[in-house]
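A, B and C label the chains in the order they appear, each numbered from 1.
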Amino acid sequence: MTSTHIAPVKRAKPLSHDAGWGYLMVAPTILGLIILNIYPFFHSIYMSFSETMLFGNWEWVGLDNYRKMFSDPNMWRATGNTLYFVLLTVPLGIFLALAFASMLNSQIKGRDGLRAIYFLPMIVAPAAIAMVWKWLYNTEYGLINQFLGLFGADVKINWISNPKLALPAAAIVAIWSSIGYDIILLLAGLQAIPRSYYEAADIDGANFISKFFHITVPMVSPTMFFVLIMRLMAALKQFDLVYMMITDTNPAFQQSQTLMYLFYRESFQVGNKGYASALVLWTFVIILAFTAIQFVGQKKWVHYDQ
Amino acid sequence: MKTRILALFLILGLVLSLAACGGSASTTAAAGGQAATTAASAGDSGEKVNLTFGIWDSYQKPGMEALAAAYTAKNPNVTIEVQVTGWDEYWTKLEAAASGGELPDIFWMHTNEFIKYASNNMLVDVTNLYDGATDAGYSNFPEGLVKNFTYDGKLYGVPKDWDTIGLAYNKEIFDQAGVKYPDDTWTWDTLVEAAKTIKEKTGIYGFAAPYDDQQGFLNTIYQAGGFTVADGKTGYNTDAAKKGLSYWISLQKDYDFSPTQEQFADADAGTLFQSGQVAMQFLGSWNITPYMNNEDIKGKFDIAILPKATNPVSGEGRASIYNGLAYATSTKGKNQAAALEFLKFLGTREANIIHGESGAAIPAFNGTSETWLTKFPELNLKAYTDMMDYGIQFPGSKTKSKWGPIEKQTIMEVYNGTLTVDEAVAKLETEIGAILATE
Amino acid sequence: MTTLQNTAQRPHAPVPVGKIVLYAVLLAGAVTMLVPFLWMILTSFKSVGESIRVPPTILPARWITANYKEVISTLPMFNLYSNTLLLIFFRILLASIFSSMAGYAFAKLRFPGRNLMFGLVLAQNMLPAQIFIIPQYLMLAKMNALNSMFALVFPGLVSAFGTFFLRQTYMSLPDDLAEAARIDGCNQWQTFYRILLPLTKTALMALAVFTAVFAYGDLMWPLIANTDLNKMTLASGLSVLRGQFTTKYPLLMAGSVLAMLPMIVLYSVFQRQFVEGIALTGTKA
């Protein structure tokens, strides 16, 4: 009894009736957000216009922080690194997640066990992940170089100390540790696709590729959209992983420091919370831009009908 | 099905919350590591007080707990709970606590952060803590340490320990290469020769020369007779400083007996030394306990004093960077009186002896450092105490958190090959000089 | 029943090549997932020296159980477990309830200011968690509520992530279902509660998983909000094992392995529900 081709129609409901319930149901969340998150956010904005002395003492400096920020080569490099990180993790990450989710959705033996294994990285402590991967990437003795060496001459790639490779290496770890989340989400989305569609397509003689692109992708697109947005935001906010794997005495540091890493150093090591707040706002603006583009673009490829 | 899950959760939650309430009482004692002293608080006249003691090094926890136990033995109404926070999180947590008025009763203070806290009235003025005491008082501590924790003429911390830098060497590798162990005749040149020989004869790296300030170029700069930051001025752009800095960098760049900076990114100097991958390194005394806990290196290494500079621009050619921690208490603490009493105890000879014997660190009280030496008699730890004669305080100033990163980034550029030493020191002089001028 | 993924099914081939490729890829991926985890376990049985040794060993030279014993005696594991589980429980409860309501409202109801409010929700997802730490800490300090379970739960009282996620979910549910309910005389709440909410079971499972994993891994907040080690969570409790200059890695690994156990238990409980829930929502009646 699934209705198949009804486009979302905006029905004119009596506004007052909706509004009451509407406000009631969003109230707890909105109130909570205002107190917990929005107030600190505005506080951050205010701080970005001041030089924080310490422990809550600050003095207003107007646009100084922003002037400093936009003329700081470190900041621009960090911005570039962050954008590069997005490029490295988002397309590949989503593609792999969708591919594996589809595979884990099919009738195969040991599916439950395999799923459990793919979810495993989600519950390994971040410190453990960083330490383990650092070892895997070790130039002399890491398993990765050893494995690659099996195919020919000795491989001595400086995964995390070569300025060109460090960020990609971190990106691989990022995809590895978050693919579990995306698979869960996409599985939920894939499961919502009624089998009857595929059955109908089979009857029509469609092959796998055709089914994938004409049924799977459109129907899972709302979930994919969500995954895309979340991956994007996570990539732009990246800090933990790079912080633990690439320290500031690593030759590859300047080519790897992300915006949030720079923020952390300015905020907690240098102690200039005002400047750090300006960095956060800059990051926020970038995320906003990306998100806005996605929300506008979703009309092209996301299907909300059933 | 879903209700069953919910029910499971609810039951789990209830059971655990009950257990948690019951559990924490007994485990607090266990976690605090207190001996029977806490339970046995004989109904003394004093009120029961519980003090929190914040530290960042789990290796030193036993030592701190020994101090706490000794104090509680004399003052049974006071229990002290040692709280370890990892170094990375310690300062964030302390800062949040300071802003919120919830600092631990006693906590460790580091020279990097001291001025920040002192200048914002976070720490109690303890200048007069020992007034009237006979054999206690600040004259019993090295002048430099006391100075470190003095701000605006007042003292805000009780010195806890000091550490210096020495030369660690792997005896087995030296034996294998047929090189004589380092002694006090060693100079910069001897170091280079020895390292070269070891690399040639055994293939093992002779010396670890990573980017490092406290355990690296600061020592060689001062050995050459230069200085980096002192009394509001910079000394980077001088012949002496350049000589010292170039020497240190050359050890990695101009010879093949040291791993490269890329290799250090994979495994740091300490890891390499402990794995027998490098024969020598400059080593701070705080590493001794951890190294002796590593059965891979225990018994295979020893310590010598740092080599002398060859043809220093000025001075004798000897220097070793020292630093020290202090105990401090907060101006907003709720148990200030009790905390100050404990603080006072921590600065006594007796406490320092306990401290030293636990091997935690070299106790600051003059004459008690020998107790630390007894902890590992098989090592020539005397080298560290000897180096104190040539000790130079780890450079710092009010704005260090601003210029520290600049120093690091600029010198790293020399390692990366984008700046020469001359360019780097000129840049440092300009930029850091400007920051110092704002103080 | 058609299988979804039979690639290149040739009527004459006895073994579907596609299936083999499928298994191969999945297994390769699985190995990649497992290797770091196995490394973690192996390290937990090594001595400190062996754990940092270059060249590294794979199997421990001697299997040392002392690390586990030391973790258990140094850290109040029972309290850490219970705090973590309770935290997860409360956060899932709060997130599910509030985010479902808000998600439904944003997706299906129209009211003035709706888009602005949703924009606020979205904006929260764009901000890094670090900027909230100190302000939230100060709020709790004023309320004198630090060092408690409430402090742990505090940042998760509402979930911007959950709201966004469930809004997407409700948006993918057909409007005519709601219409039919309205025609039958349900009001908005009943439409939500009786008709649409049950259809989001899988999504709620996913949200529960996310909330659980995030609460489980959050290190900074419990560390700062709670000073008593007995009141911390697993992640923050373990962080005290990291030193300024050296870390006893085997200890840290042993602690991390122990810390994973509750999550594995939770997962096995969820796993069955997950599968059944999926089967139920697979075909929509």
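The rule is simple: a residue touches a chain if its C-beta (ideal position, glycine included) is under 8 Å from a C-beta of that chain, and two chains touch if they have at least 3 such contacts.
Note that this is a predicted model, so its numbers are computed, not measured.
**Q** Would you mind checking which chain's C-alpha centre is most distant from the centre of chain A?
**A** The chain lying farthest from chain A is B.
**Q** Using the touch rule from the top, work out which pair, A-C or A-B, shares more C-beta pairs.
**A** The comparison resolves to A-C.
**Q** Cα centroid separation between chain A and chain B, in whole Å?
**A** 38
**Q** Roughly how far is chain A from chain C, centre to centre by C-alpha average, rounded to an integer in Å?
**A** About 15 Å, centre to centre.
**Q** Two or more other chains touching the same residue: where does that happen in chain C?
**A** In chain C, 54, 219, 239, 242 touch at least two other chains.
**Q** Considering chain A alone, which of its residues make contact with at least two other chains?
**A** 138, 140
**Q** Send over the residues of chain B in touch with two or more other chains.
**A** Touching at least two other chains: 92, 95, 99, 267.
**Q** Please name which positions on chain B make contact with chain C in the complex.
**A** Its residues touching chain C are 1-2, 5, 8-9, 12-13, 16-17, 19-20, 23-24, 27-28, 30-31, 52, 56-59, 83-89, 92-93, 95-97, 99-102, 104, 267, 270-272, 274-275, 277, 284, 286-287, 290, 293-297.
**Q** Provide the residue numbers of chain C that touch chain B in the complex, in ascending order.
**A** Residues 47-50, 52-54, 73-76, 78-79, 81-83, 85-86, 89-90, 92, 133-134, 137-138, 140-141, 146, 149, 201, 219-220, 223-224, 227-231, 239-246, 248, 269-270, 273, 276-277.
**Q** Going by the contact rule at the top, pick out the chain A residues touching chain B in the complex.
**A** For chain A paired with chain B, touching residues are 53-57, 74, 134, 137-140, 142, 158, 160-162, 246-253, 265, 268-272.
**Q** Across the complex, what residues on chain C touch chain A?
**A** Those residues of chain C that touch chain A are 1-8, 18-19, 22-23, 25-26, 29-30, 32-37, 39-40, 43, 54-56, 98-99, 101-102, 104-106, 109-112, 114, 117, 120-128, 130-132, 135-136, 139, 154-155, 157-161, 163-165, 168, 171-176, 179, 187-189, 192, 202-203, 205-206, 209-210, 213, 216-217, 219, 235, 238-239, 242, 249, 252-253, 256, 259-260, 263-264, 267, 271, 275, 278, 281-285.
**Q** Show which residues of chain B lie in contact with chain A when the two form their complex.
**A** Interface residues on chain B, with respect to chain A: 91-92, 95, 98-99, 116, 119-120, 122, 210-212, 261-267, 401-402, 405, 408-409, 412, 415-416.
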